[in-house]
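Structures are listed in the sections that come next.
In the two complexes below, chain A is the common chain; its partner is chain B in one and chain C in the other.
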Partner chain A sequence: MNEVIGIIIAAVISWLNFVLIDTWMGLPEAPGVKGAEVIGRNIKKRGGDLAGGFFQGNIVCSPDASAGTLLASIGCYLIGTPEGGLIAAVLVFFGNRLCADPGYAGTTGALTITILIALTSYIGLTPIMFIAGMMIAILTIQGLYHPASSKLLGKIAQRMGRYTEIE
Partner chain B sequence: MLCIVYIIAIGSAMILGLILKLPLLPERPMRQSWTTSVIFPTAVLALGFTAMVSKLGYLTSANSDYLIALAIGVLTAIFSKFILERILPRPLQEESPDESQEVSP
Partner chain C sequence: MITEIVGIIVLFAAVRTLIAQDRSERMLYLNVIGFGMSALIALYIQTPFGAIIAITYFVASTLSSNAIAYSIGRVKDEIILDD
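Right after this comes the complex of A and B.
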């Protein structure tokens, strides 16, 4: 497959993987640590959404599905599919626990992207495309314009019944 | 072959986990639960540890692989039950202001 097209498809898959799993696991509901709350309130002050801000704060402060997606992709590239992804899932779990996080989002994200990498290998997608794709996916959330991305995350949280009750 | 090894590792970890009285699933809401259960993280750890042993070259497509998988499962269940909470304890909860007022004279 053409590398550019592959990276774009991998970016879309990675974006959906980590945003849906992180939202499902309740990242927009509440800040896990003080730092996540500071980031969430700061984003709200700049015109963003509080739930989306908590989501962004939480993925900065502990390895959630975004880190799981990236690390599993790197693991599959370096070690092989699916072993690299499975090893990454264990390492993400330990990283989560060190960050005072139960570890469901990160571990689930690593396992699901490992399955997706294995399945999409049949249409020519490679783990390295997922590494590049995940970098682009996380850039759209954390690197471009926080108020807009937090509003989008807030809307997704509302749709999935995970919107924050904190004022 | 490798697929069977993973199944044996997960199966033995889950069976021993149940014998050691680990709950099958964490209590609800699961996403906020710190309970060590048979499905999470025991089965996930068994998968990861088997992948590590496989990539380190200890699985050689011989019949001994099944015994190694069984040993990984057993050790993972023991690790989850007795060691995990010691090396990675759940975070201490902050005391609420009301409780601290009650304690202070």
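Right after this comes the complex of A and C.
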């Protein structure tokens, strides 16, 4: 497959993978670790959404599904398709516990992207495309304009019934 | 080509980090750099151990981000009595 098209498809798959799993695991509901609350409230102060801010704070402060997606892609690229993703999932699990994060978002994200990489290898997507795709996906959330991205994440959280009850 | 894409994203985030006004805002851009550095380590050290290094680097960087973000919250609550 053409590399550019492959990277774009991989970016969309990675974006959906980490946003849906993180929202489903309740990242926008509450700051899982102490630092996430500070970042979430700061994003709200700059004109963003509090639930989206907690989501972004949780991404910064603990390895969640976005980290799982990138690290499982790296594992699949350098170690091999199922086993590299599994090693990444175990290391992300240790990282969650080191950050005192009680959730399983990172481990779940790493396992689902490993399955997705294995399935999409049949249509010609390679793990290296997922590395670039995940970089583009994280740039759209964390690197462009935080008030807009937090509002989008807040809307997705509302749709999935995971909006924060903290004021 | 993959390395160039990741490199451009890291440079973009680095410039945004430099011009950002707010400390917490800077943490978000630094997080993008953390993702990018981890990807660059994997793309540069193309051995199975490179993957372990990249994963360990990323987990350790989130650990320190957590500590820094927490201390930013503490510093905001701090009352300076001297001035």
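What we mean here is this: the second predicted complex is superposed on the first by the 166 of 167 C-alpha atoms of A that agree within 3 Å, B and C clash if a C-alpha of one lies under 4 Å from a C-alpha of the other, contacts with A are read in each partner's own complex, and residues count from 1 in each chain.
Criterion: a contact is a pair of C-beta atoms (placed from the backbone, for glycine too) under 8 Å apart; a residue touches a chain by one contact, two chains touch by 3 or more.
Model, not experiment: these values are computed from the prediction.
Participant: Looking at A:79 after the superposition, I want to know if it touches chain B, chain C, both of them or none. Which is it: first, second, both, neither?
Facilitator: both
Participant: Quick check for you: in the superposed arrangement, does A:87 touch first (chain B), second (chain C), both or neither?
Facilitator: Both partners, chain B and chain C.
Participant: Look at A:37 in the shared chain and tell me whether it touches chain B only, chain C only, both, or neither; answer first, second, both or neither.
Facilitator: After superposition on chain A, A:37 lies in contact with chain C alone.
Participant: Using the superposition on chain A described above, determine whether A:71 touches chain B (first), chain C (second), both, or neither.
Facilitator: second
Participant: In the overlay, work out which of chain B or chain C sits against more residues of chain A.
Facilitator: Counted on chain A, the partner with more touching residues turns out to be C.
Participant: Of the two partner chains, chain B (first) and chain C (second), which one does A:26 touch, if any: first, second, both, or neither?
Facilitator: Only chain B is touched by A:26; chain C is not.
Participant: Is A:111 in contact with chain B, with chain C, with both, or with neither (first, second, both, neither)?
Facilitator: The first partner, chain B, only.
Participant: Tell me the contact category for A:102 with respect to chain B and chain C: first, second, both or neither.
Facilitator: first
Participant: So chain A touches chain B in one structure and chain C in the other; where do those two contact lists coincide?
Facilitator: Residues common to the chain A contacts of chain C and of chain B are 79, 84, 87, 91, 94, 98, listed in rising order.
Participant: Okay, in this complex, where on chain A does chain C touch?
Facilitator: Answer in residue numbers: 3, 7, 33-39, 42-43, 46, 56-57, 59-63, 66-67, 70-71, 74-75, 77-79, 84, 87-88, 91-92, 94-95, 98-99, 128-129, 131-132, 134-136, 138-139, 142-143, 146.
Participant: Give the list of chain A residues in touch with chain B in this complex.
Facilitator: 24-26, 79-80, 82-84, 86-87, 89-91, 93-94, 97-98, 100, 102-105, 107, 111
Participant: Quick one: which bits of chain C touch chain A in the complex? Just the residue numbers, please.
Facilitator: The contact residues of chain C facing chain A are 1-2, 5-6, 9, 12-13, 16, 22, 24-25, 27-29, 31-32, 35-36, 38-39, 42-43, 46-48, 50-52, 54-56, 58-59, 62-63, 65-70, 72-73, 76.
Participant: In their shared complex, at which residues does chain B touch chain A?
Facilitator: 29-34, 40-41, 44-45, 47-52, 54-55, 88, 91
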